[in-house]
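Each chain gets a letter, A, B and C, in the order it is written, and its residues are counted from 1.
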């Protein structure tokens, strides 16, 4: 996070750019560079607040604000009617968390430590949850792509809302599970050796509020640059959604996962990658579908390649999880699959 | 089973209905309500007979009569030329056993008991068998849907018969495996603490015979109501096949699985769900294909959505099995996937 | 290997046939029968050379020459422009290794030994590597088959080259992994109880050189017979590529796997099957793509059925591996899936 903080300088630059009507592609880049440290600050502030609220509310705050950046970016993309970008970025976040973040963590961690182990038990719980969640989320898409279009009727669009309600319910129930009925499973990980609060509660809340406001402003800059970016650089909207936005929204979190792996805390890295993916599916995706009802209803129908990539990613993470061990070669392999997918979308 | 027995009252009502020409949709409902307790009685009678025949023949009888109800219903649907209903009900039984039965068992069992465990070793054997069986069964469909139609020739329909012969052979070999070469693996489960016979052998045989006869009659009522049901209620044949028929045919067995889970005998619940799915694929499906040769040959080509749902279900059960543990949240997730699939077919 | 050696008699017969202009289908059969023992000799010679070079270079030689026969056959098929045959034979080798070789090993081994175990730890490393490799290899095909053709541009063909470079890099890195950074994992298996060299180094090198030359000649006979074979026997090029060529190229290696399983060295059998599959994907496939750049660039786009079969095979092997045990029924099931796939291609 320390180095990333220097990127905050791009916030004033992007404001200057907005007033001086910089070209939209440049605005996209400036906004992207501003959002990266802001997302990091937001995460830090949330963690600081947890010290004052106690683990239960803190865990809830973390679970809710953990992907707030992506939610805000996607909200503005939704408002702008960029449904393909929104859907791609949901798929891309899951794929990126599993292949890019986990892969990089295993590679860099594995270079420093020959074999790294993680708590198989905990990881298996969340990785099978992820399998079920991804399958549930993908069913409307499978349905749409495999059923004869003439059989689909108008009621059909409601399926996305049904899925969103079910996913959100599971999200609420999973909080009940982790903070009430089965809190003992998770207590092992959230050890108290992380020290005490660095900031006062007041400072933490102010930082959180400011970060949220600036992320919202920069997200608007970012989204308004997408159209120009795809045209001038010849990138597809899919590439922007599946590769760029997830990296921008998660860079801070990603760097934490890699740093943790290098400190041989592979448990934390794996939890960040899988936990973040779960939040995207169970919280961000349904909230976006609900929000879309205010504008134009968005269906959660992924295109077939996003679909297959999601299924592949989730099969891979389940394989990795049932292993309980990692090494640098496994990291290289996860990254390879990520780069092949990215290359596919890049040349589209 | 106790409460379900009261449903036997619907048998005479359905007979009255038949003579008084009740509307076919009502006849479907009456027949469905009659079949539920009859299937339960058939299962009970088979179990009673096992006490007299000893475990080997008893095991064989259970394996053969365990899905007799579905076989009978499907036979009449086959005779009526409702191939889509028959194929959907094969897929639906597997999906229902894994997602609905296992999900409900884990949810209700998990509400009473915080964490439930089951014998990983035994479950892994049957869940990997199920993986192989589902993959084998799905290959003709994958073939049909992925190969350029112009390449397919007439000999192609024979593939379903080849698959049926192979599946049936594996069924016979799996009986050899469990009752001869590897009987020790299974002996752990079928403990003798289930007490002794409640009925005499004669009574058991009479009940079995009567239940079979009445199931056959009610199945004919049921099948002749399908056409009217789909028209008046606007349901698709797929919904009837994939959701309704499997629930009707298996309700008794399903309630046993849930009761066992609540008694913390998760082993038995998992075995019912996976074992029943295996019997559907290795015994019911091939027998139906063989029987169809008497009328119009039925190919075992699932539609793409049934195919994907089957593969998803089997991936989920393999994930669940390799865990060896369950809790209420896992149950909720399995049920969620089931409801999303059902919602998809419902709005079709 | 002993019995297979008698097949060497078909080398002179095939030469006579070439001069006397035997019909091409007969030449295909003669060449096939000659290649089987030659591939065996090549493997034997490579192993003998390892005794002199020490384990590191020996391991590298084994990894490189292990699939030399397939590489040579595919090279001539490539030169003849039979891209479908080449791609099918890559998919077919993986499918054959996993379903046919592993299935036969488990069946024959399981008949002699009730339950066979293998080192789960080692097998899990290679089976998850195989999962990642197959997924990476399949992405271009998934991409091609799922994306709207109008979106694909000409740069798109470069994706196969990107994949080939990434796969080949992983191959090199996996050698670094097994011979340098993590050599201890593998040391357990390559025990020295295999005795000492039977042949002198000079003899080994001469046998290797001669076997390579004759395989090259016979491969040219074989490939020139494919066209006639598909026409006279009515077989599809896919059947030749996916079933026949992998069996011809791997027969010797396959018989070793089965013999090892019968000696209750299931570890070795599983390693041959998975290791050979990995070499095909990480070494043979990229080398063929590179070589194709000399003639007409070949894309690594499998047809959908090859794709699904590959994914199925890799799911099955991962299931098998996480088990750590095998028995005859598991063998029967793997073989059944293989025969259903083969039947599908046969009737095409």
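Operating definition for what follows: a residue touches a chain if its C-beta (ideal position, glycine included) is under 8 Å from a C-beta of that chain, and two chains touch if they have at least 3 such contacts.
Not measured: the values here are computed from a predicted model.
After Cα superposition, the angle needed to carry chain A onto chain C is 120 degrees, rounded to a multiple of 5.
Interface note: chain B and chain C, two copies of one sequence, contact each other through mostly non-matching residue numbers (shared numbers fall below half of all numbers used). Per-chain CA centroids place chain B at a distance of 40 Å from chain C.
Looking at chain A, one finds that residues 315, 322 touch two or more other chains. Residues of chain A that touch chain C in their complex: 114-115, 236, 303-305, 307-309, 312, 315-316, 319-320, 322-323, 327-330, 332-334, 336-337, 339-341, 343-344, 347-348. Of all residues in chain C, those touching chain A in their complex are 124, 128-129, 131-133, 135-136, 139-140, 142-143, 145-147, 151-153, 155-156, 158-159, 162-163, 166-167, 169-170, 173-174, 177, 181-182, 315, 318, 322.
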